Amino acid sequence: MNTVSSPAFDEVEQGSSLWHDAWLRLRKNKLALLGGAVLLFMIVIAGLTPWIAPYSYESQNLDLGASPPSAAHWLGTDIFGRDLLTQVMYGGRISLAVGFIATAVALLIGVTWGAIAGYVGGRVDAIMMRLVDILYALPFMIFIVLLMVVFGRNILLLFLAIGAVEWLTMARIMRSQVQSLRQQEFVEAAVSVGLSPATIIRKHIVPNALGPIIVYTTLTIPSVMLLEAFLSFLGLGIQPPATSWGLLISYGAETMEEYPWLLIFPGCALTLTLFSLNFLGDGLRDALDVRGSKD
Amino acid sequence: MLRFLLVRILQALPVIFVVITATFFLVRSAPGGPFDQEKVVIPEVRAALEAQYRLDLPLHEQYFAYLGDLAQGDLGPSFKYPGRSVNEILFAGLPVTAELGLYALMIALVIGVAAGVFASLKPNTAQDYIPMSLAMIGICMPSFLLGPLLVLIFGIWLDWLPITGWGDIPGDKILPAITLGSAYAAYIARLSRAGMLEILSQDYIRTARAKGLPEWRVVTQHALRGGLIPVIAFLGPAFAGLLAGSFVVETIFQIPGLGRFYVQAAFNRDYTMILGTTVFLSTLIVFFNLVSDVVAAWLNPRLRHQFRGGNG
Amino acid sequence: MSLLKVDHLSVSFVTRNGTNQAVDDVSFAVEPRQITAIIGESGSGKSVSCYAMLGLVPSPPGRIDGGSAVFQGQDLLSLSESELRAIRGRDIAMIFQDPMTCLNPFMRIGDQLIEPLTLHRGLDKKSAQARATELLDEVGIRDPQGAMRAFPHEFSGGMRQRVMIAMALINEPKLLIADEPTTALDVTIQAQILKLIADLQQKRDIGVLLISHDLAVVSDIADQIVVMEQGKVVEQGSPQAIFDNAQHPYTQKLLAAIPSGQRTADAVAADPLIRIHQLKTWFTSNEGAAPVKAVDDVSLEIHRGEVLGLVGESGSGKSTLGRSLLRLVPLTGGQIDFDGTTLSALQGKTLKQFRHRMQMIFQDPYASLNPRMTVYDTLAEPLLLHNLVSKGGLDQAIRALMDNVGLAQAFVRKYPHEFSGGQRQRIAIGRALATRPEFIVADEPVSALDVTIQAQILDLLAELTKEYGLTMLFISHDLAVIRQIADRIAVMYHGKLVEEGPTAQVFDSPSADYTRSLLAAIPGVHAA
Amino acid sequence: MIRHPLTQVQESLAPPKTLSFLATTRAVFVCILCVVATACGGGESNVVSGNREGILHYGNGTEPQGLDPHVVTGVPENHIIRALFEGLAVKNPITLEPEPGVAQRWDFSDDGRIITFYLNPEAKWSNGEQVTASDYVWSWNRALHPMTGNEYSYMLFPVKNAEAYLKAEISDFAEVGVKALDDTTLEVTLNEPTPYFVQLMDHYSTFAVHPETLLQFGEMTDRYTPWTRVGNIVSNGAFTLSEWSLNRRIIVEKSAYYWDRDNVSLNGVVFYPMENVVSEERMFRVEQLHYTQVVPLDKIPLYRDMPNTPYVQSAYLGTYYYLINTKRPPVNDARVRKALAMSVDREKLTRTVLQETAFPAYSITPPDTLGYFPPKLFDYDPQEARRLLAEAGYPNGEGWPGLEILYNTNEGHRKIAVAIQQMWKSELGIDITITNQEWKVYLDSVTQIDFQVARRGWIGDYVDANNFLDLFITDGGNNNTNYSDPLYDDLILYRAPAAKTREERYALFEQAETMLMDQMPIIPIYTYTSKHLIHPSVEGLHSNLMDSLNLKYVKLIPGRTLPEALR
């Protein structure tokens, strides 16, 4: 969409691009906006945590131990006497980071893989997609558990492991998008004008494939966050001293009878974020649904 | 039909082979062996132990020996449970995981399809939003959060349902099945709604209505069959997810299933157990993917010719 | 007493961005044993009025504002849902436009056919099946028994439409409503289906309400014609009255838009720009089955400055030939000589540079423009790529192009989805002309447009070829359009060239039998 | 549900009642569950039926690896094997002094090197055959055979040439100091006089197994033969195996052939594998279990304040300490090690983090190990610690290169490590990092001594200070601190065993303890306690230092119930 600037035209009516239409439709969808707002709120809080956290991360008060929500500690304290609100904020940083970065990894691999397989087609496409089918059949949960157990649990590996699980579906979506676009006549027109395949992909195929990609990305983030929380629950994900919502929930689950707030508050934080992401994702899907704007 | 199955099975074999080889060498590269104890083991005893389990052989010999046994279906002895073979432990754990998975899938299908179809009849009205937002809860509430919450509410505060064990106390299967099934009920609800909406917008539905068929017949006779194909195609990969989900649910509810064995085996470096479970689970996953593909393809007459021995 | 009497019917659609009046105070009647046709362009409300009467318009958006539709003494609009359903499928039957999607792909044809019988007549399955097999035979299905067990995807478009007709008539309805029954079919098949409907109407003594956008098609078989525009009935009368002295300007405009007349081939020196020698383009399906021979050993010459019409039904290979000439699809054999250069041998960079001398215009205006690029970018791309114009002169060149194709310069910043079909096709033509090509392939450029718009685009193309001295290969399945624009005509059938010659000679004394059957199938020839 | 101040917290967090929509769906959900619940509530609890039939329902920790005495290791296996088999001698449940088992009596040669055991002719196998001395010779050969791979073979090392036989330095078992003079007399020759040797006879790796049964299913040294399955197993203990369903339960019944069967009041025991501590406690509360293996740390305060509480806590022969790699700076300097040891407030640690379920430890050996009390050589003294640290070159923490505490991933270890990290930071101003490793990776790091400070726990195999002090002899298998002092080795290996009287022996141990604490290669932190929930209807389950289970003396009194607070 690199429109070339041109002052020469006089009263020119400003066209409204598909993105603009999509934004108008999205604005009408109250739920999606709410989801977006909550998500933004979570991201801002996570970003500013080191400066706005009520207590320092390590400060513990052994004598206090686990206390219910009180004036001093809005969400109560954990078994070390550490402020739960601070823990949830720091946990949010990691959980959101894992969610966004692992999705970025999945996005990068998946989009390039799908674009190549989709555009080139033929034998190359067959081989690339056969590999994807094989990886789909592998019991990934088992491999992640093994990877975590074998190579220890640094966060870097966690991002790669989760990213490696999620890119498969992304590749398939991108491939089907590229394949359907390639048959479109405006791509044939671009070929007949004499554009090189690389330019065609960059200027014609990718912009039109972005809609579904954006939608799928917003739906991948929650599933990635769930995966990380799931691994942490099994003791294979994030390791102390770092923490994540998954870890807080697993600690909370152990002592839920005596200290239910240790389970409920981190649980709410995770569920709320997942809600907002999913609503935003659905809203984007309806807004970006190109089929709708045909007539 | 046979030709199609044969081709798919032949394609599946390399997958399982890759899984075995990768797991075999991955596990061996993990630091710490199966026989390390807090109280250090005398070198001679460790040597004897490794000899008993053929761990003293060079790695490639171990590999081929293992493949030889595997060919005869023997997954080898378990290191951690000396008196038992991996086959035995797996088949002790399998019925439990299978039963849990089955109940979870049944709940997911019944609730999911009902909610999805119900919502698709009047899109964008209350009848659509309520089931779909409930489905949203199912997706956003992970099993390891939903489980403890259910235990807290129904097990402890209201004390209506038992919260551990499997089969010993009547009613102890309800909470685990709901916990594992809820996420899938949500996915299936969304899938069936989308599938039904897609079909209901087709021309042949208008033809059916033009024929004067009452609405319920239009939905059941014409729309349902096409609308549920995506759900069936989803069941294959869902099975793999169910297995992963069972890890957590079995830990929360103390259920002696396969899931828990796997996680413990990984921690104990019980090589044969890890390999046995991996091979077992990946074969099941490949099998279920195959089944769901075949059923989904069979349902669609256009693809059915592949089975009548047509030209491929 | 007329079979169906519609008085002051008005229907509107309530959507998020306001309500629009689809049908406004429409009245017409369908006499028994007569075929009444409703003519109008897309968006004229012709289908909505029929569907609304039968309650097939979903109620949340659609709303019947008033009027009545009396059928056999009952006002359809005031009936309850169940009463209306009893009439639908028994007394009033419908057939729709696109046969490919109107049959349930998951059910056997027999099961779908007997449904109205078992439902309305309460017949048992066996006798219903017998009845259905008879009807299939009556509508001309060769092996009715086999057809009963077959699935829709095993039949061609024409065959499926016959099944739809059988399904409609199975309950001996009094009134048959046919919504554009032949628009999606090939010309020869279209003629057969129209003849079938006419014969059945006579034999079974039913009233037919035929909805179409093509006056020529309707003129042959209709007893009464109703012309609609923007939701209103502008004129009614017999075909004779309509064709000879149409009162309403819109009707006159419709009549004028029917392609007629013949291009007088001015003497053009036989100087071939493109020589095609034994061209073969085959597609191998991956299951290893026999390859599809889309273009099979075609030799042809296209002279400089002429418009060569390429005619054939769907699947005849005509658009594959067009794409092969522009090297958009891989060639299997044969040579193409373009003004001295063997185009078929060019590769890579040289091919790319050569492309600016030949361009293509596509059929579907909605798909041939990149939805994410403004008009300015779409036109600027070819100009910049072949650096035909300096950075500074770009705006000037774009403004000239827009004038040439008749687009208001103010729309330069707009996006494709903000234009009508006709305007989009003008943008596509502008893009094709941007690189000052010598040769243009136009693949069915007007068949997706409304009749009136079609005429404007054809005139534009004729004008531009003269002005730029272009050579054009005009591909179409509509002989009437070809006759109006082409100097010479080539006819293709199953990948082979069956006839070639000047337009007048092909129309007056066709040599190939296939050409003769094509000419006979042209609708509206008798009335003209 | 526990009636406790906490309940008003639960009320406040109970689901909101206001939203009408929520209320309706909740009502529907609730009544479905009522129908389901009534269909499956009720039924007699295990404890009530158990008390009536004399069946003890016992929470047994993890699923036992197996029941072969010469193959398995671990506590859950110990409890079941000691119910099925019996050694030459048995520990008195209270005093832990050896009592007659299969051997009616035994006597020592005057130089203490030869012990003769006189077997009870009434001691029978569960198939009626008499337990003979040759059974023991055959069994000890299996336990010590180099091919068997018995991890507890070192229990028999005091026997002459036993270690040489295991290490295949000698191949003829006849040279090993054990002989069957006749069916009922077993003569054992030791390398050195070993006062605690008779205690070892209670350890299951010294038990006899029935040779014919084993040979029926494979070679003597085969580890995984099905001889221990129900129907195959032949044992000589108070109970016999009647059911073993994997991961569900193991049931043993009273043996009809046990020589002392008249004193056994229980008719059977059901062992439940309970992976999850939280659910074991919940099973106890709904009276499905008589006895729990452990108690969740966070519930202990609630149980402790309860009138006639079922919570039983007693000292346990085990010490929790930090290993220090004496070769790695900065902890290669003894003063630094002492400073670290002195700045840990063990009182506060055990009171808060450990909820008073452990006792501060200032030495490696737990106090009152059969009368031996280790000297207390240092105390919590932050000033002295800071002085020592400054003297060692790190005045209140300047120039401190950092220190890493290594522990295996476990909730308990994490709490302690975090607490100690905090104490060292505030008292000495030094920065500490804590890292955890997965269990096997951690064991690997400890054996390679690849750490600065690492967590370690040692549970006594037998009730004698030697079992703790011999850990730190030069190149000892479990001496992962690079600490080596020839004087110390001589004291433990030669001079202490040769001591004539127990007092003289204990004096030598005190001397060793002092030498150890002077170099401080380890930082003792706390001594363990055993923690169980025992149903009031259970009698005769006395707690002892070894937390060993003698089912023989257990009686079930019907009619007793849990305190009202637990109802």
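The letters A, B, C and D name the chains in turn, as written, and every chain counts its residues from 1.
One rule holds in what follows: a contact is a pair of C-beta atoms (placed from the backbone, for glycine too) under 8 Å apart; a residue touches a chain by one contact, two chains touch by 3 or more.
Since this is a predicted model, take the numbers as computed values, not measurements.
Enquirer: Which chain is most central here if centres come from C-alpha coordinates alone?
Expert: Chain nearest the overall C-alpha centroid, as shown: B.
Enquirer: What pair of chains has the most C-beta pairs in contact?
Expert: B-D
Enquirer: Roughly how far is chain A from chain B, centre to centre by C-alpha average, rounded to an integer in Å?
Expert: Distance between chain centres, rounded to whole Å: 24 Å.
Enquirer: Measuring from the mean C-alpha position of chain B to the mean C-alpha position of chain C, what distance in angstrom results?
Expert: Taking the average C-alpha coordinate of chain B and of chain C, the gap between them is 50 Å.
Enquirer: Rounded to the nearest whole Å, what is the centre-to-centre distance of chain C and chain D, using the mean of the C-alpha atoms as each centre?
Expert: The mean C-alpha positions of chain C and chain D differ by 87 Å.
Enquirer: Give, as an integer number of Å, the spacing between the C-alpha centres of chain D and chain A.
Expert: 47
Enquirer: Which chain B residues touch at least two other chains?
Expert: 30, 156, 251, 267
Enquirer: Indicate the residues of chain A shared as contacts by at least two other chains.
Expert: Residues 149, 257, 260, 264.
Enquirer: Would you mind listing the residues of chain D that make contact with two or more other chains?
Expert: Residues 10, 438, 441 of chain D touch two or more partner chains.
Enquirer: Using the touch rule from the top of the page, what pairs of chains touch, sorted by label?
Expert: A-B, A-C, A-D, B-C, B-D
Enquirer: Where on chain D is chain B touching in the complex?
Expert: Residues in contact with chain B: 1, 10, 14-15, 33-34, 36-37, 39-41, 43, 63, 65-68, 71-73, 146-151, 153-154, 166-168, 223-226, 228-229, 245-248, 274-276, 279, 282-283, 288, 438-444, 447, 457-458, 477-478.
Enquirer: Which of the residues in chain D come into contact with chain A in the complex?
Expert: Within the complex, chain D touches chain A at residues 2, 6, 9-10, 13, 278, 296, 298-299, 302, 348, 352-353, 409, 411, 414-415, 418-419, 422, 434, 436-438, 441.
Enquirer: In the complex, go through chain A and note every residue touching chain C.
Expert: It comes out as residues 1-4, 6, 8-9, 11-18, 21, 28, 184-186, 188-196, 203-204, 207-208, 290, 293-294.
Enquirer: Given the complex with chain A, which residues does chain C contribute to the contact?
Expert: Contact set of chain C toward chain A: 16, 323, 326, 328, 352-353, 355-356, 358-360, 362-364, 366-374, 376-377, 380-382, 385-386, 394-396, 399, 409-415, 417-418, 428, 431, 435.
Enquirer: Provide the residue numbers of chain B that touch chain D in the complex, in ascending order.
Expert: Touch list, chain B to chain D: 30-33, 35-42, 44-46, 48-49, 51-52, 77, 80-85, 88-89, 92-93, 153-157, 159-164, 168-171, 174, 251, 254, 256, 260, 267-269.
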